[in-house]
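Shared chain: subunit A. Partners: subunit B in the first complex, subunit C in the second.
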Partner chain A sequence: MIAALHEDQLVRVERGVEYGHVRTPGYLRGRHGRILEVVGGFPDPNVLARGGLGLPYRMLYRVAFCARDVWPEYAGSAADEIVADLYEHHLQAREDNDG
Partner chain B sequence: MADDDTAYHDYGGRADGPIDRTEHEPSFWEQRVDAILELLGDPRRRLMRLDEFRWMNETMGADDYERLSYYERWVHSVTRLMIHKGVITRDELDARMDEIRHRPETSP
Partner chain C sequence: MADHPDTHHHDHASPAEHGAPDAEIALMETALRELLIEKGIFSATDLQRAIETMEARGPTRGAEIVARAWIDPPFRDALFHHANSAVAQFGVNMGLAELVALENTADCHNLVVCTLCSCYPRALLGIPPSWYKTRAYRARAVREPRAVLAEFGFVLSADMRIRVHDSTADLRFIVVPQRPAGTEGWSEQQLTRLVTRDSLIGVATALDPAEVA
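Showing the complex of A and B:
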């Protein structure tokens, strides 16, 4: 299984791409992050949830988000990050200047 | 599901105030519920996967989700899933519940 995205790539979490048993938390939808690590291919949770085998497998990435971007009122350090494991089909590659 | 992509079960990151971190010992029935889930999901039986179980929690509706306690949700979801998958029928469950309800009290 080939990863379409790579380490250090800037990404945006898509909104409304998929409903059902999706593991992407709502508070990260639409947020911009950076890929820390390509974790590997895993069974699709939304297919497993319906009793299937989880095919096709989905590439999973560890993605870091600036805590202040996610929670504007966040009182901790500006360097603090929140890290989440997210599937490739919920991520969109973006250029640094694409807002 | 709501337009903003967050469903009722999606608590994470929500500004809902401090978390109650008080520890409590699980009661006997709660431990049994936990054991039932372990047994149904074990690799020899494979009657249930974690994602199937979670999907039941995510589709029980906001009212039940808010009303029920943590392990009550588990019972609700595992029951729905086992009936949905044909492992048990509603009639079998009702008959068994009735039998237990009418069981004479025995001293331990």
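Showing the complex of A and C:
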């Protein structure tokens, strides 16, 4: 499987993702993050949940988000991060670097 | 949800956590289990053994793995790069999940949560503590991790960064705490006693050597 996104790439999480057994948490939808690691291809959880084989496999990434970007009222350090494991079909590449 | 979340001073507990067990789900489990046994897919004894195996697993192997990583640089490298095969040396089979070891350093602390359900490296650490599955922990670990740590008695210094890992998909995480100062010359076995379950999740550091001496 070929990864469409690469390490350090800036991405946006799709706002409206599919219904069903979706592993992209609501609090990250629409948020901007950075690819920390390309993990590999995994069965699509939403297809597995309906009894399928999980095809097509989905590329999985570890994506880092600045905690202050996710929670405007965040009280911790500006360097604090949340890292989530997200599938490629819920991510969009961002061309810009300015958020 | 046997544990009352208030034991860890977590507020905002959902009423769902205090309610009766979900009777419908319990009934479905009974029906499915009886059917599988009746059709000979597995026996009641097989099931009993599987439950015993699962319940016998505890955080001990996690502690042994961390102690090994502290004293054995090639193992440490393997753990951070190919955790599944590194832990296989300890007889741990991660199955389809991919284990990731997270290194606590002098300037970055790691914390693990599963906001969507209660994903946990069970093959390695056994059954998760009940607070790990509460809505309070799951919601607050990503939103105010420093406040959550403080409730566990662990105040993270303001100049340290925290990284919260939300186990949303096929990865499972284990935190490798920092080796405490003053443990030079300790044996692997002695070091194992410093590594608690909570330190492997990231809500605590490894124990102070004075506590186990």
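We take it that the second predicted complex is superposed on the first by the 95 of 99 C-alpha atoms of A that agree within 3 Å, B and C clash if a C-alpha of one lies under 4 Å from a C-alpha of the other, contacts with A are read in each partner's own complex, and residues count from 1 in each chain.
In this section, contacts are C-beta pairs under 8 Å (C-beta built on N, C-alpha and C of every residue); 3 or more make two chains touch, one makes a residue touch a chain.
Keep in mind that what you see is a predicted model, and the values were worked out from it rather than measured.
Visitor: Using the touch definition from the top, say if A:Tyr27 reaches subunit B (first), subunit C (second), both or neither.
Guide: It touches subunit B and subunit C both.
Visitor: Kindly classify A:Trp71 by the partners it touches after superposition: subunit B alone (first), subunit C alone (second), both, or neither?
Guide: both
Visitor: Quick one: subunit B or subunit C, who's touching more of subunit A?
Guide: C
Visitor: Just checking: does A:His6 make contact with subunit B only, subunit C only, both, or neither of them? Give me first, second, both or neither.
Guide: neither
Visitor: If you stack the two complexes on chain A, which partner ends up touching A:Asp85: first (subunit B), second (subunit C), both, or neither?
Guide: After superposing on A, A:Asp85 lies in contact with subunit C but is clear of subunit B.
Visitor: For A:Leu60 in the superposed arrangement: first (subunit B), second (subunit C), both or neither?
Guide: Second partner only, subunit C.
Visitor: Quick check on the superposed pair: does A:Pro45 touch subunit B, subunit C, both, or neither? Answer first, second, both or neither.
Guide: After superposition on chain A, A:Pro45 lies in contact with both partners, subunit B and subunit C.
Visitor: Shared contact residues on subunit A for subunit B and subunit C?
Guide: Touching subunit B in the first complex and subunit C in the second, residues 25, 27, 45, 70-71 of subunit A appear in both lists.
Visitor: Sort out for me which residues of subunit A touch subunit C in the complex.
Guide: Within the complex, subunit A contacts subunit C at residues 23-25, 27, 39-40, 42, 45, 60, 62, 64, 67, 70-71, 74-77, 79-87.
Visitor: If we count contacts the way the header does, which residues on subunit C are in touch with subunit A in the complex?
Guide: By the definition above, subunit C touches subunit A via 98, 100, 115-116, 142-147, 158-171.
Visitor: Help me check something: in the complex, which residues belonging to subunit A touch subunit B?
Guide: 15-16, 19-21, 25-29, 45-46, 48-51, 70-71, 73
Visitor: Would you pull the subunit B residues touching subunit A in the complex into a rising list?
Guide: Residues 1, 4-7, 10, 12-15, 49-52, 54-55, 58, 85.
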